[in-house]
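Letters A, B, C and D mark the chains in the order given here, with residues in each chain numbered from 1 onward.
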Amino acid sequence: MFWGGREGYESLLNTDMALELDNLARLYRMAIDYAKEIGFDAQFLIEPKPKEPTKHQYDFDAATTIAFLRKYGLENHFKLNLEANHATLAGHTFEHEIRVASINGMLGSLDANQGDLLLGWDTDEFPTDLYATTLTMYEVLKAGGLGRGGVNFDAKVRRGSFEPEDLFHAHIAGMDAYAWGLKAAARLIEGKVLDAFVEERYRSFREGIGADIVAGRATLASLEQYALQNKPIRNESGRLERIRAALNEAIFGV
Amino acid sequence: MFWGGREGYESLLNTDMALELDNLARLYRMAIDYAKEIGFDAQFLIEPKPKEPTKHQYDFDAATTIAFLRKYGLENHFKLNLEANHATLAGHTFEHEIRVASINGMLGSLDANQGDLLLGWDTDEFPTDLYATTLTMYEVLKAGGLGRGGVNFDAKVRRGSFEPEDLFHAHIAGMDAYAWGLKAAARLIEGKVLDAFVEERYRSFREGIGADIVAGRATLASLEQYALQNKPIRNESGRLERIRAALNEAIFGV
Amino acid sequence: MFWGGREGYESLLNTDMALELDNLARLYRMAIDYAKEIGFDAQFLIEPKPKEPTKHQYDFDAATTIAFLRKYGLENHFKLNLEANHATLAGHTFEHEIRVASINGMLGSLDANQGDLLLGWDTDEFPTDLYATTLTMYEVLKAGGLGRGGVNFDAKVRRGSFEPEDLFHAHIAGMDAYAWGLKAAARLIEGKVLDAFVEERYRSFREGIGADIVAGRATLASLEQYALQNKPIRNESGRLERIRAALNEAIFGV
Amino acid sequence: MFWGGREGYESLLNTDMALELDNLARLYRMAIDYAKEIGFDAQFLIEPKPKEPTKHQYDFDAATTIAFLRKYGLENHFKLNLEANHATLAGHTFEHEIRVASINGMLGSLDANQGDLLLGWDTDEFPTDLYATTLTMYEVLKAGGLGRGGVNFDAKVRRGSFEPEDLFHAHIAGMDAYAWGLKAAARLIEGKVLDAFVEERYRSFREGIGADIVAGRATLASLEQYALQNKPIRNESGRLERIRAALNEAIFGV
């Protein structure tokens, strides 16, 4: 696991970012060569984080890390270890980061903590928000699991939780929250709670002009032709409020 | 209800803030005088909001509004109408704002929407987060209710939820979430789920030197005397992780 | 100087905020009594900070601290020590915080550092932004100076600036920036660069109905009368872009 | 210019992000084919923006857009149109975004406005901050210019600046600020003000083991050998405070 916590800059004013990124790629190549040499077959991982301790870290988020790996032809040697609180510091939900990694074939492993969205630093709290654990496990199940990665809390107790007993409570709270989230995610998938909405919303891409677009048969000219036929298009609601109520029903029985 | 949405500044560079605040107080006094004159007995309310549309609004949050009202001797004529998404834009939880108003005798009414903490503007979403609705109703019940105020959603559907049907789903989702939160809050209070922790944590203020402090009998000299006696003080954990697990148990049965 | 850095909460769930604020006031009263007893005549100061290390600190910003002091009748015994980076963490410019303190008669002292507005924690950088130092000194000059307070950097060098020499460079950079800002602020005041715009913008409050409002002679009835006369009101621009260009002209000669 | 302002999601719950990104790539391919067909030789541009109006836009920032283009093999057909206020909404400085585009060969064009870093939405202000215009033009000059792109303000006057005259002042203020920034950037480059620090800081990569790393001659084994020789390494300061003072000297003569 490469945690690039110090791979970033304090200020662009004194930084040769191009050289630093080239060097980072060189280090990764050396590691790949060395692993090959000694027959080391583990999964190499990179953990994105946007900032802290530096002002700006090179592996800002999943997309930035993927852009980097593709530039240097390293994308087949690495997967991502995503962390919930790093996602939120970068301005994303954890689900978003997992989805980005997953649809790019880069989902590797998870640091399953939680942050405080009203604070601007990494709090690494034990995860207890059941919405978050459910949606995280939902993305993982949809992605077909984590492959050779795992779920690690990377969490710590608070300044005011300094007794050994707190570590027990915290681990139990976190494990229960993730176990519960896994079961809730399974219920969501089995009941097609979200899939039903998504399939309905995108159904126009499974027939007619939509299917042509997806199959790569459409051109600007054919789309122009279609538009000129002036067939009425009925916009439809994305039903977000109904979906959020359905989520409360499905995961909490409310 | 005075919603000071335009009472703020775009830039301090061209603003006479002292005059504007004086004028705001003058307007409030005129309103009080007029209400008296016509025998109007409703509760005057002010709704804090930190920004949007202006860069900085005078009634930034509950504490700022209270400071203003006290400066001009208006605190007995007004209470606060607090809004969830305004709280988060100001860097506070909704619970925090309600608590601040409540312990200052200024809790008036609620705009019970929800925002997106990863976005920096007022989204005014219908409330569906059951943690939030539970903790909001918990603060309201602890405060002895809202007096002459009420709970208003002040929410709108999304850009992608534009059909009349969405309004039904949204209101049902919001009402269900608040009704459920009210019942969960009542369970928390009846079961003393949080009170038990709080009472234990502050018990040192109910006896000995702590009780002296609270009763106003302590001085720096008496505290020095106490400290010099060198009685061992055992710090104790705030048990936050245990409390969060207890919250999941009590409100979701997890 | 009371720096309430630990006076705040990690979570409302286990916090008796009312008791903690009462206790804070009790401590301040003990300090006032003790100072009187020993004939200590220094200026008591409180330094607002919104968060860090706690999630939420009681002295969040100038307005919150003023609300607190007024509640407990302590406002005549304290002034505020404002810090630039604490202002920005609270969502305010430093100028805003100084203005709030100044118009409430509470300006005491300054921690003249600077933060990074893209980061969410206190970086305590040495001040080098000449816009910021100019506008800070502008507010101080307009307030008639700092009384018994002073200007303290409360800044530290960076993780990558660890040699003794860096401390020299940093102090020189900060002092130069503030000295330059003081002179630029004096030029702004002498040239009435901003005052001219402000006086023009608020001139309607110096005559007619505006003067009546300011003098407290207006009522809702007299305003209604005025409005019914239907005199045309010409809205006027706040000229913010012109002002910003004037600022560049006046302070940088651009 | 493709401004993907609506290409994003309100919520992942009802979104098939993989399909939407595939469709976006299909549209871009159709546009490329059509341009070829009609002999249209302009530069295609994409403008990254992290959010607003949607919660999360697909072209979040420069790196995200580059990752997307590389996935679909479109990187040779597009360059980026970067906007200052979009950069800051994504958590980056404008300089950072230009540098990222530049070192990836993707710098196309600029929307040279400015935002308010204490606000969370796109304010599109006319640029007047001379630090910002200087550092922006510095990156552009270092990148060898903008190629077939240009500098466009994409700015608007404020709610309180509604008279035609304000548009004149705003454009003059913005043009002056950028013209001044260009000249200041040229002075920085000619005087090697920043380059001198950067060259010194990275000089260890131009000789010995550092040169071996850059040339790709180093392996983990050769680095181990080097480390075992135990040659003393002297860490050196990045001199950020000195650099910031030098910047004030060079661009403002302070």
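The rule is simple: contacts are C-beta pairs under 8 Å (C-beta built on N, C-alpha and C of every residue); 3 or more make two chains touch, one makes a residue touch a chain.
Quick caveat, the model's predicted, so the values are computed rather than measured.
Peer 1: Hey, which chain ends up farthest from subunit C, C-alpha centres compared?
Peer 2: When every chain centre is compared against subunit C, the largest gap points to A.
Peer 1: Same or different for subunit B and subunit C, where same means more than half of the interface numbers show up on both copies?
Peer 2: same
Peer 1: How many angstrom between the C-alpha centroids of subunit D and subunit C?
Peer 2: Once rounded, the distance between the two centres reads 33 Å.
Peer 1: Indicate the whole-number Å distance between the mean C-alpha point of subunit B and the mean C-alpha point of subunit C.
Peer 2: One centre to the other, that is 24 Å.
Peer 1: On a C-alpha centroid basis, what's the spacing between subunit A and subunit C, in Å?
Peer 2: Those two chain centres are 40 Å apart.
Peer 1: Which residue numbers or ranges of subunit A touch two or more of the other chains?
Peer 2: Within subunit A, residues 10, 51, 91-93, 118, 158, 160, 238-240, 244, 247 contact more than one other chain.
Peer 1: Which of the residues in subunit B end up touching subunit D in this complex?
Peer 2: 10, 51-53, 55, 89, 116, 118-121, 158-160
Peer 1: Using the touch definition up top, name the residues of subunit C that touch subunit B in the complex.
Peer 2: Listed in rising order, the residues of subunit C that touch subunit B are 10-19, 21-23, 26, 30-31, 33-34, 50-51, 56, 60-61, 63-64, 66-68, 70-71, 90-93, 95-96, 99-100, 103-104, 135, 194, 197-198, 201-202, 205, 213-214, 216, 218-221, 223, 238-240, 243-244, 247.
Peer 1: What does subunit B use to touch subunit A in their complex?
Peer 2: The contact residues of subunit B facing subunit A are 88, 91-93, 117-118, 126, 128-131, 157-158, 160-163, 165-166, 169-170, 172-173, 176-177, 180, 235-242, 244-245, 247-248, 252, 254.
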